[in-house]
Amino acid sequence: MDVQQIEQILMELRFTAELSNEDQRKLAGISRLQEYSKGATVFTEGSDHKDIYVIRSGRAEICMSIPARGCLPVLTLEAGDLVGWSSILKLGEMTATVVAMEDTQMVAIDAADLRELCEQDHDIGYQIMQRIATALSQRLVASRLQVLDMYGDINSFNSSQ
Amino acid sequence: MSDELLADIARSCFLSNDQFAKLFEVLHTLDYEVIGPTIDQEAIVYDRLTSVHDLPRGWTDIQEPGKYRLEKRDDDALFGYVVGPHSWKQKLFPPVSTLSVADRTDDGWQFTEPEQELPKFAFLGVRACELAALKIQDRVFIGGPYVDPSYQERRSQALIIAVNCTQAASTCFCTSMNTGPRCKAGYDLALTELPDGFVVEVATPEGEIVINALETQIATDEKQRQAEATRQQAVDQITRKLDTTDIRDLLLSNLEHPQWDDVAERCLSCTNCTMVCPTCFCSSVEEVSDLTGDHVERERKWDSCFNVDFSYMNGGLVRNSIRNRYRQWMTHKLATWIDQFGTSGCVGCGRCITWCPVGIDLTQEVAAIREKQT
Amino acid sequence: MNSSCSTTGENANSQSNPWVPNTAVIREITPEVNEVATYHLALADPTAAKAYHFQPGQFNMLYVPGAGESAISMSGNPDSPETLTHTIRVAGNVTRSIAAMKVGDTLGLRGPFGTSWPLDACAGQDVILVAGGIGLPPLRPVIYRLLAERQRYGRLHLLYGARSPDMRLYTEENRLWSEGGLEVKETVDRSNPGWYGNVGVVPLLLERLESFDPAQTILMICGPGLMMRFTARTAIQRGMTAEQIWVSTERNMQCAVGLCGHCLLGPEFICKDGPIFRYDQISPYLKVEGL
């Protein structure tokens, strides 16, 4: 797949749609399209992974490994969602495993290249970081709601108005 | 009663003290149960009266925040005091009443209205602030989409004999709430006490029936002047004020004001204020079953937003602190009541100030919020 | 102060006395998920049964003599009011008593009470129903109405979240609804083995909804308060206004006729000014802790 086709995809994805044409071209230059068939592992918890992804189509599941219980799903992601944010933030290991739940296409961006791009061009760096921050804040809120177990019975931590 | 009809009927006359004493016989003959002020447990309360001798002749009340006591007057006035811990709501909206009855039959549960005796009251001694309170409770119980049948029945049969205040307690602030001290509407008869009798204003056909059974005299200009002067005393004696300028917006835009924490340190959440308030209407419903469980009655009892479990929901309390409960009471009484019923819920009678064991004064709480708005 | 489209429904029982219940018979019981069952009731008195009509979102006070009353929304077809359907979760004495009842048992019923969902505002619009857990039953009457006249509306979505896959309600009806023109998306907070659907809170479903035009959408949300606030927040972030969003609120209801004071939230009596409110009107009060 060539750069122009990737640019086209970036124009459609919510994550990158509002970037300027020039920024999208720069991003397209360090991106590629990856296909995962149903059940394929995108990356595993603890690994030192090189890419950050935006899902173009399909569905993926984030799961975390608990001894004797397996890899438990905590969140499913769909088209438009960011995957693998840990790699760009140089945090080291991935914090969860991601598995494709159906045939899935993702735009994969080399994390090191992206960091380099952001270093050199702070404008695009700001745009990217802003989008990552937004995505993460939504995840954080969602996680909090899950923790609060708001459908729980009377005796569990309940919602109130 | 419409204003036109009032104007048609409205007239004044004068009733001597002797004739006033005969009022009780007249009311009894007309099958009224007379309720009015009388002394009980060192307070002037509202209870059944059989004759003029049950009235607190020659007594007055001294009221301050958290204080109430009776003192002898140096005259024989029958109505020389203001309002005590009771209000007329206890007769129209009784503290305990049965709402419905359930009986288990072969065809399952059957539900019926309770058999209630619905007495015909004559309220003797209703003050201007209380007329306003009656109007407010009318709006709540019979002026909305759902009508409370028991209140409606009691209210429609009640005869209102109002009395114009001739003095004010230190806790009164009816002038701030535009509810008094002059009785202007909502009564059948209104009395102003003079040393030798009463100037009577007759407003309704029901009032006419009563007054026509007594010997009346003309209310001369001199008598009217005396009556006006004595009523003016009440106005002059009012010292407490509540600034109601924009009070709704003031309170609703200061729901996190530190004053709520301040009052919460003093408030005991004892519910006295809601019990004595003539407009408070919160209640709870309980099941009362016989031993077999086949006959169950639903009983409505006065409740209070200050009671800890009043706001219970889903295993927890929505208003889990005195701060939140005090805020609920005051913002409802002075602010959101206006949204709901078109008027303030407060009539300025001052009872909540007098009967609060720690003397909390809502006029001062409002002033504190107004002074330092967040 | 409340601009939802329908006003309180006519009280079908003792017209003059809103306190006295009518006798209702349990005709059928459908177990749903753990601690939840659907009760199909009918008023015993044929005149009362015939006179009874309700709008989607309204509730009844169900009365078990000796235990008390509980406010339960109707979850059935508003165009078949000869059967009054209530999906009930055990949450206290009254609901526990009902859960112990059998077909043929009787209880008391007062109603219908409360405001209703704004179906009139939906003509020509896309409609998104967002439900969480036991919040789906009060929205099901809306679904009946929407699908009965499918052509009146634009795109129809149901976004439904439950605690776990085995706690989802009405799953057998999903296919019927999809075929009727309502697109159903489900998610769970935590998954079970064997679940291949979405995992995550329900606001995320709204976040990701592709075919979404904020300018011509009506949103109705019913579920735990926290979930409603965050779903509304997501909708507003995506370009909707608070005037296009409707929520169903909850308070302890005792009299259901605005006279006991228990259900007050700010100036609103939840029983008669609500429980369904337009979001802009109720959100200032929902946001104040302990109001």
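To keep things simple, chains are lettered A, B and C as they appear, and every chain counts its residues starting from 1.
The definition used in the following text is that a residue touches a chain if its C-beta (ideal position, glycine included) is under 8 Å from a C-beta of that chain, and two chains touch if they have at least 3 such contacts.
All values reported here derive from a predicted model rather than from experimental measurement.
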Most distant chain from chain A, judged by the mean position of its C-alpha atoms: B
Innermost chain, where centres are averages of C-alpha coordinates: C
Mean-CA-position distance for chain B and chain A (Å): 66
Chain centre separation (chain A, chain C; CA means) in Å: 35
For chain B paired with chain C, centre-to-centre distance based on mean C-alpha positions, whole Å: 40
For chain C, residues contacting two or more additional chains: 91, 250-251
Sites on chain A at which at least two other chains make contact: 154, 158, 160-161
Where chain B touches two or more other chains at once, by residue number: 313-314, 318
Footprint of chain B on chain C - complex, ascending: 1, 8, 11, 14, 16-23, 25, 44, 63, 65-69, 91, 105-108, 250-252, 254-255, 257-262, 264, 266-267, 269, 272, 288, 290-291
Touching residues on chain B, where the partner in the complex is chain C: 99-100, 102, 104, 107-113, 140-141, 144-149, 252, 255-256, 281-285, 287, 289, 293, 296, 298, 300, 303, 305, 310-314, 318-321, 323-324, 327-328, 331-332, 335-336, 339-340
Chain C to chain A touching residues, read off their complex: 35, 91-92, 132-134, 161-163, 167, 187, 189-191, 195-201, 203-204, 207-208, 210, 223-227, 230, 249-251, 265, 286
Of chain A, residues touching chain C in the complex: 59, 61, 72-76, 78-81, 101, 138, 141-142, 145-146, 148-154, 158-161
